[in-house]
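Contents: one structure, followed by commentary.
Going in written order, the chains are labelled A, B, C, D and E, and every chain counts its residues from 1.
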Amino acid sequence: MGNATVRRAPIGELGLGTGKKARLHRILYKHGLGNGTAMFLPYDQGLEHGPRDFFDNPASGDPAYIVKLAVEGGFNGVAIQVGTAEKFFWDYAGEVPLLLKLNGRTEIPPADAPRSPLNASVEDAVRLGADAVGYTLYVGSAQQEADFEAFAQVRRDAHRFGLPLVVWSYPRGTSVDAKGGKNSLYAVDYAARTAAELGADVVKVNFPDPKATEGVHKTYAGQLGDQDAVSAVVRSAARTPVLLSGGEKGGDEEVLDKARMAMEAGALGVIFGRNIWQRDHDESLRFVARLRELLEKYPA
Amino acid sequence: MGNATVRRAPIGELGLGTGKKARLHRILYKHGLGNGTAMFLPYDQGLEHGPRDFFDNPASGDPAYIVKLAVEGGFNGVAIQVGTAEKFFWDYAGEVPLLLKLNGRTEIPPADAPRSPLNASVEDAVRLGADAVGYTLYVGSAQQEADFEAFAQVRRDAHRFGLPLVVWSYPRGTSVDAKGGKNSLYAVDYAARTAAELGADVVKVNFPDPKATEGVHKTYAGQLGDQDAVSAVVRSAARTPVLLSGGEKGGDEEVLDKARMAMEAGALGVIFGRNIWQRDHDESLRFVARLRELLEKYPA
Amino acid sequence: MGNATVRRAPIGELGLGTGKKARLHRILYKHGLGNGTAMFLPYDQGLEHGPRDFFDNPASGDPAYIVKLAVEGGFNGVAIQVGTAEKFFWDYAGEVPLLLKLNGRTEIPPADAPRSPLNASVEDAVRLGADAVGYTLYVGSAQQEADFEAFAQVRRDAHRFGLPLVVWSYPRGTSVDAKGGKNSLYAVDYAARTAAELGADVVKVNFPDPKATEGVHKTYAGQLGDQDAVSAVVRSAARTPVLLSGGEKGGDEEVLDKARMAMEAGALGVIFGRNIWQRDHDESLRFVARLRELLEKYPA
Amino acid sequence: MGNATVRRAPIGELGLGTGKKARLHRILYKHGLGNGTAMFLPYDQGLEHGPRDFFDNPASGDPAYIVKLAVEGGFNGVAIQVGTAEKFFWDYAGEVPLLLKLNGRTEIPPADAPRSPLNASVEDAVRLGADAVGYTLYVGSAQQEADFEAFAQVRRDAHRFGLPLVVWSYPRGTSVDAKGGKNSLYAVDYAARTAAELGADVVKVNFPDPKATEGVHKTYAGQLGDQDAVSAVVRSAARTPVLLSGGEKGGDEEVLDKARMAMEAGALGVIFGRNIWQRDHDESLRFVARLRELLEKYPA
Amino acid sequence: MGNATVRRAPIGELGLGTGKKARLHRILYKHGLGNGTAMFLPYDQGLEHGPRDFFDNPASGDPAYIVKLAVEGGFNGVAIQVGTAEKFFWDYAGEVPLLLKLNGRTEIPPADAPRSPLNASVEDAVRLGADAVGYTLYVGSAQQEADFEAFAQVRRDAHRFGLPLVVWSYPRGTSVDAKGGKNSLYAVDYAARTAAELGADVVKVNFPDPKATEGVHKTYAGQLGDQDAVSAVVRSAARTPVLLSGGEKGGDEEVLDKARMAMEAGALGVIFGRNIWQRDHDESLRFVARLRELLEKYPA
């Protein structure tokens, strides 16, 4: 496994048709930092984890608060489910790009063999004026057959309508647990590649943990450093730009370090949710300001 | 978890298109109390529980009796299955809004992993002159994937035809049982949010039991009072108005207390069935009068 | 030709399915006089005649003014084109029934062989929350073949979705001109019957002029009085309720006389536009009050 | 549980559209006794049980024999599968109403969770000149979700084409077995109601056995007499007319007693197969004559 | 005819769904002047008039030159046919909004009864990343029936996909010629209203010539001044924002005067093509600068 950081491909080299290019250009250059580096605000935790994610900052339970925060913070887009989009995007429509998350599930049923059902279609996204769609792919799940097939239809629809397709590529299920776990480099690297192979325009992954090697394929047994692990993942995604997720709320410095690592690896940017809005409003904007300062150093 | 009661959003702020607004306005302001607060009469228990629910008041087994009761009691709508609507709504068509319940099941098969099959379509509802449609979502069921996908199609059809979509959002299945049970605040709160995220226009939930904490996510372990629990659920539904169900027949004062709690929490209103019609005709109307007197104190 | 006035059939005897009955009941008993007699406000003259119809009362050029007037005047419905409905009905959605006019034309091209093209579908009407749809049928036009065929599809769609279908049944074209003209009893009587034969739920006609007999079929050569002429038309429509149009603005007494004649003939009511809104706001409401006073004497 | 016998609703009060009314009127008043009481001849046992049912009277294995018997016996209709209809109805087409049974299964696979697959469509029935269609609903089966959804489509098609829909509403599956069994009053009562709620025009049930109370819902634990049990079922079906099945061949007096019980309960009539044709031709007609004599005493 | 200038409605009051609002906001506030006032660059003259329009500035025959000019000049959008969009928009996709013109014709066949055929669909526009679609409606043409019907489908598709629909509303045909001509106030006023009644989101008209009164409806015989004529047209379009076309190239001051007149009348802005690009590159930008300076004085 080499360790050269990949050069980030300009969007003109991603093989995108006119509509996808128009929308991705708009996301990356007409919003956010405007320099081709992305900072998205995800907000589908109310579905994925339930209202408990809002307890630290009760205001965050109100989608209007979050969409406004995405505008105030100058994000490149806000990722929400269809019900939230129907009721809360109108007020700010056109002010911040909408990344409509097409599938999603609750955490209640067991996650041995998860599949994330489609709650909305690409056509819903077009109708709502979204600039991109998102799809969660559970790589390695026993249900990956149905998942891949549903994804294939979404990819075709996204192609037909010219919307960039962002894939939440997440290793999941009992087989993943047995082979290093969902955060192992083996799993995350494989997930990034899988999304690229299947037609993602952008892939969103969690930070890999190169120390999780128990049960992984022997080729992944040698441990890499954290930076090299992220770089490997970005490289595996080939021409598919990579977004790194923040996951649970961590310390500010730790989160900024992760963002720096992502950018050093050649990622497209970050998609941080709980680290942004699980604190009060002014604290959120202060942290966003620090994040922007960092990302500005990594123009496309 | 905060405890401020949310202000009930006026229907002009719910992000509804013209047809949905026309029909919801008609339901809330041209029927019932006419003050924006809702009182629905549900009558699909013959399917959900079987004829046994009619034994206390045999007259209640006749749908004609119930639809007439909905007119006499001045309800904002009567919620029935398609077969009942086909045969019994014509007589009173236009006198009380029809909320066509689109799915439903019998209680006979096991409820480990339930899914409520579609017995009617949104187009059936349009044809029958319904002003709204209802869908039961079993949040947390192992079948939630198929459920969410069926719901997504119903949501799209309801949007296409401009009918408000009322979601019976019910936690169900073995995973729910293991995580606090179907009445735990964790489950009810999550169900309300799920319906909102997926695109309900109105969400119907059961009263949460904040004392049911065994197995719930740790963030829900601290007990709230009953009122705070209902308020939390209404808040989690964000801009989606909430209806509280009555469930099994209880004492009059207890039921009225629950209605008061719902309204104090900022709910849209109540949907009480067995508490209304499991008593003789005149007793039903007397209880409805008391309920109306209470609800009149909570205009939109 | 007999002259007995027909008894107006109650809506339960019109052979309507549940949806049509629900919506017609709502129009006739939950709005307007609430006594089963109808008073509609038509406002598609901006398309049919152009803005010139608004010159006498410039405020009337604003659809918002008219929809509000329909609410203030307590009309049973307002008849508008789809563009007007899309932009102006939302504000009052649910407060006054919408009768979506599905076809319409400008007066610019010659009217030798007119056909009124479809500008909206029954599904558009459902989506907008309309309670009825309107269709202009040019009886006797050389294009009546295409017209009847388009109408047949509208009728089927109105049946499928349960919306009452109001037919503007207007004799038109050079053959009509040669056989007594568009206002002859021969032509109006034939038009009323044609709409009934082809499946109208309600038919809207102009007042027949029994003195226009030049060129009419010999059976119509004997002149009837005005009242008998209107009665004949209502009778020819059989079980299809009849609305009488006002046409150009006339003197108040003359218009009220016409309304009285319509009601004496057993009509469902009137649909007056220019006679209402081609005067200033307060004058409009004063005239509406006189009209209501008259119509109240003719409950269903 | 009350015990008043319900009045049988005349077909003009069943909420039927024109086509359904035309066909049901023809079945009930132009065939059979001609008095509104029904006597159907079912003949799908060759599929449901196999040829073994024909061993007592080998002639009965020939569909031509049965269709002729339906004509000779003056039945209100003959219920057969599509293949039988294709080959044998032509000869007597128009002489006896055809009730095309749309679904059906063999008894070979286990019946733990049965579903009866669709072997024909409502459109097939129209093409064959059928006056009604039949559908078997296995209430309580673990497959009831797929069953209800298939039924909903059949209901819509039957509505679209105007054919009365007769539902064989049969409790089945392991959950039913555990809750009193398929003949318990709990199960049969629930099945009748389920068919009514879901949109049957006529429901066909087996005679309930009020002594089967082991495992039933507690509200059904108190035993009723046989007559009261049948009456309860007819009442639970509300406005949906009920046909009682004969099941296996029994003694003549016993069968006639059951028919009398059905009619006393307010049923629409009976649908007896094996009790008719599992004996030789002349014996069949003699028994039919006794049955007619009885049914004549119960005009609509 | 009144003469009060109408207040320009903010886009939040135009009755637009989320997608249309998102895209119109983006066009009006994220591009061009960014103040809600619009300046579009139309470039379909190569189809409508042929290459002769490019002779004054041969560079203008190259679509790449024009799309770049739209970016350089800071236009709110460029209006082109589908072939041009397919080949030339990719390079600047996302930098300037695309207004895909869906229909168009050559000037070669006679224009007695013109209809502009559909060369692209709304779905083509979505795929290409367009932010709006354009449709030419020939009001008053003998083919207006087919035209209105094609338009109705485009309107429905634009609604379904959430794209604003800009209507080039042009009076045309022999009847128009006989009634004052295509530039008469009667014709332009009627055309603006027609587009509004039929569902345009934005209407584009030519400047009316109030002196063209020969043959116009008598109500238009009294002459208005130029400013009053433009104001009347904007008012007739009611809540539909109006764009004024420049038509043939005129003197700079004359064109700027027209733009001022449009803005004084409450128009949304201008759509000038030949006046922009029928001169060399730097002259174009200098004229655009003067135009921007003017439009900046009329924020929404």
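Criterion: contacts are C-beta pairs under 8 Å (C-beta built on N, C-alpha and C of every residue); 3 or more make two chains touch, one makes a residue touch a chain.
Since the model is a prediction, treat every value here as computed from it, not as a measurement.
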Could you tell me which chains make contact with subunit A and subunit C both? B, E
Would you kindly give the rotation angle relating subunit D to subunit E, two copies of one sequence, based on a CA superposition and rounded to a multiple of 5 degrees? 180
Between subunit E and subunit A, is it the same set of residue numbers doing the touching on each side, over half shared, or a different set? same
Distance from the mean Cα position of subunit E to that of subunit A, given in whole angstrom: 40
What is the distance, in whole Å, between the centres of subunit B and subunit D, each centre taken as the mean of its C-alpha atoms? 35
Subunit A and subunit D: spacing of chain centres that average the CA atoms, whole Å: 57
In subunit C, which residues are in touch with two or more of the other chains? 17-18, 86, 90
Please name which positions on subunit C make contact with subunit E in the complex. 44, 46-47, 50-52, 54-55, 58, 61-64, 81-84, 86-88, 90, 104-106, 108-110, 115-121, 124
Once bound in the complex, which stretches of subunit B touch subunit A? 1-2, 4, 14-15, 139-142, 144-149, 151-152, 155-156, 159, 171, 173, 175-176, 179, 186-187, 189-190, 193-200, 217, 219-220, 232, 235-236, 238-240
If we count contacts the way the header does, which residues on subunit B are in touch with subunit C in the complex? 17-26, 29-30, 85-86, 89-90, 93-95, 98, 123, 126-129, 160-162
